[in-house]
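Each of the next two complexes has subunit A plus one other chain: subunit B in the first, subunit C in the second.
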Partner chain A sequence: MGVGFGVGVIGLLFLAHAAYATSQYRSVLKILEEEFSSPPMNVVIELFLGLAMCFWAAMAVSGDFLSIHPDSEDNRVVSLPGNLDFMTFNHRGRVLPYNQN
Partner chain B sequence: MVGAKEANLVERLESQAEHGGGGVWEYLCLVRKLKLRRSDKVLKYGLQILKDSKARSKLGGEEWTLYEQVAIAAMDCHCFSVAKDCVKSLQKKFPESLRVGRLEGMLLEATGSWEAAEKAYDRLLEDNPLDQVLLKRKASLAKSQGNTSASVEILNKYLEIFMADYDAWRELAELYVSQQMYKQAAFCYEELILCQPTVPLHHLAYAEVLYTMGGLENLQTAKKYYASTIDLTGGKNTRALFGICMCTVAINQVTKGRNKEEKDGSELQSLAAGVLVKEYKQKAPKNLAPLLTTTLKNMKLI
Partner chain C sequence: MAAKDESKNSQKKSGNGNDDLVLLNSENLQNNMKIIFYSRTFLSIIAGVIAGILGLTGLMGFILYFFIMAISSLGLAAKAKFSVLNYFDSCNRIILDGLFGGLMSFVLFWTFAYDIVHIF
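Up next is the complex of A and B:
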């Protein structure tokens, strides 16, 4: 969890830096009076790196996956609830008095 | 539904509470959430909390839920003095409450004053003619007097209004089985499977009712439902494994002498028998496994 969170923060910083670098690049282009077609290659690489790190962090931070299969060890139904709305009290407990201990 | 994981948790909390390791309140909450009927334990641990005024005040508003839980547990254990005390304090706190009124009715029911209980329920029903719990109580009141057919009648009327209530369908199915009215019971289990298709125990119960009815077609359907139980439990349900074996034997007996090409080509029964033998070798006492093997051999399954 700790490592995943750290990676996520670094990934977000990467993304922020890529955004900042792109805007800087555009202002430079404005001075040079050139058309903006796409950000420079190293910014694109940084962007994808940051994205991958954020993906990884999103998977790692939120914990383990839970099974959705009905027959898995966690979800397997072993018994039904004891239909308490239809509880009747006329049973053998009548002759087996409750022992406080 | 009680899953394997939750069942383990209940076991753990129960032994923890038994050895005085705390976690009593968590245990009581879990029992309430899973709707388990562990009245003796609930009464014991619930009273522990209720007697300790410090622990009780820590619960805040949950205190009254605990009172209700302990009251019902005490009725189930036939500890009427405790139940009366709980109901009395609830009544003091919530006069005019329908929920407390129901508890009073249940107390009358538990002490065996059927007519008084019936009157109490009828009086409450006048104000709330569609209260589901009250209507269900009336059905179980008839059942606890041994009047199963009246109970069935009430439940049938109830289910005409509340068709999606699977607890009621289950109760009705069980009542029908106890009356040996298997056709009707099978219908109820079909409804249950429609309501909750992923609960293997409904499939199992349906298969068992079909197997009991007998006849080639029913047996074949029963086998299919046993198979779906195995599918949904990951092969951990011993009863379903036995069911497959029994169905196969019964089907073979019925079809004996008829054209043999129709014989079921699947390996289902031998696989089920194999799993059974393996499970028994692992878990059962030593002398049981050979017994099972010879029985299965006699049935020509392995």
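Up next is the complex of A and C:
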């Protein structure tokens, strides 16, 4: 979680730097009175790298997928307390008043 | 032995036409859906910022958005180790879920980034 988060922050910093560089490039083009078609190549590469790092961070930071089958191996320990064989119902709850609705 | 399990991982029954009940662990399913939602929303925001910086207008921006969403579907399938049915109840979840909600965030950040970089 820590490494993925750091990578995401670095990716966002790359994107911010690319935004700043593009706006500088645009003001240079305004001085030269040329038309803006696309940012310079190094900005495009920087955007691509920033996207790759944010992508990796999005996959890594969000946590693991958990299996949804109740009989899979990693769900076994989690579902052990729910065994009906070990539940008792003859406790003092049965003399408490039972409110319907 | 038990016909109905009272564990805290409330089991959800889903049936199909052959009268064959499949038990699913709905707490884990919700966890997985939450992960897809967060990843998709974050990536659609990043896609919006990139479309704004590149100066894309019109259809090209939406093409970029759907391209990044397709790559994110691949990434989520890889995160599920390509056996998607272990983690979700249908294959459509990792492809379609969060697609149109992310589209709204994408357009918002696209407009925002385009204005900051190209207009101011």
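For the reader, a short list of remarks on this structure follows.
Here is the rule we use: the second predicted complex is superposed on the first by the 67 of 101 C-alpha atoms of A that agree within 3 Å, B and C clash if a C-alpha of one lies under 4 Å from a C-alpha of the other, contacts with A are read in each partner's own complex, and residues count from 1 in each chain.
Note that contacts are C-beta pairs under 8 Å (C-beta built on N, C-alpha and C of every residue); 3 or more make two chains touch, one makes a residue touch a chain.
Please read these numbers as outputs of a predicted model, since none were measured by experiment.
Within the superposed three-chain model, A:Met41 lies out of touch with both subunit B and subunit C [touch as defined at top]. Shared-chain residue A:Asp85: touches subunit B and subunit C both.
Within the superposed three-chain model, A:Pro70 lies in touch with subunit B and with subunit C [touch as defined at top]. After overlaying the two complexes on the shared chain, residue contacts for A:Ala18 are found with subunit C alone; subunit B is out of touch. Set against each other, subunit B and subunit C touch different numbers of residues in subunit A, with C touching more. Within the superposed three-chain model, A:Gly93 lies in touch with subunit B and out of touch with subunit C [touch as defined at top].
By the document's definition of touching, neither partner reaches A:Ile31: not subunit B, not subunit C. Residue overlap on subunit A between its contacts with subunit B in one complex and with subunit C in the other: 70, 72, 75, 78-79, 81-82, 84-85, 87. By the touch rule above, subunit A contacts subunit B in their complex via residues 70-90, 93-94, 97-98, 100. Taken together, the subunit B residues at the contact with subunit A in this complex read 1-5, 7, 34-37, 39-40, 43-44, 72, 75-79, 106, 109-110, 112, 132-133, 136-137, 139-140, 143-146, 167-168, 170-171, 198-201, 231-234, 236. Interface of subunit C with subunit A (complex): residues 1-2, 5-9, 11, 23-26, 28-29, 31-32, 35, 38-39, 42-43, 46, 49-50, 52-55, 68, 71-72, 75-76, 78-80, 86-89, 113, 116-118, 120. Subunit A meets subunit C in the complex at residues 11, 15, 18-19, 22-23, 26, 36, 38-39, 43-44, 47, 50-51, 54-55, 58-59, 62-63, 65-70, 72, 75, 78-79, 81-82, 84-85, 87.
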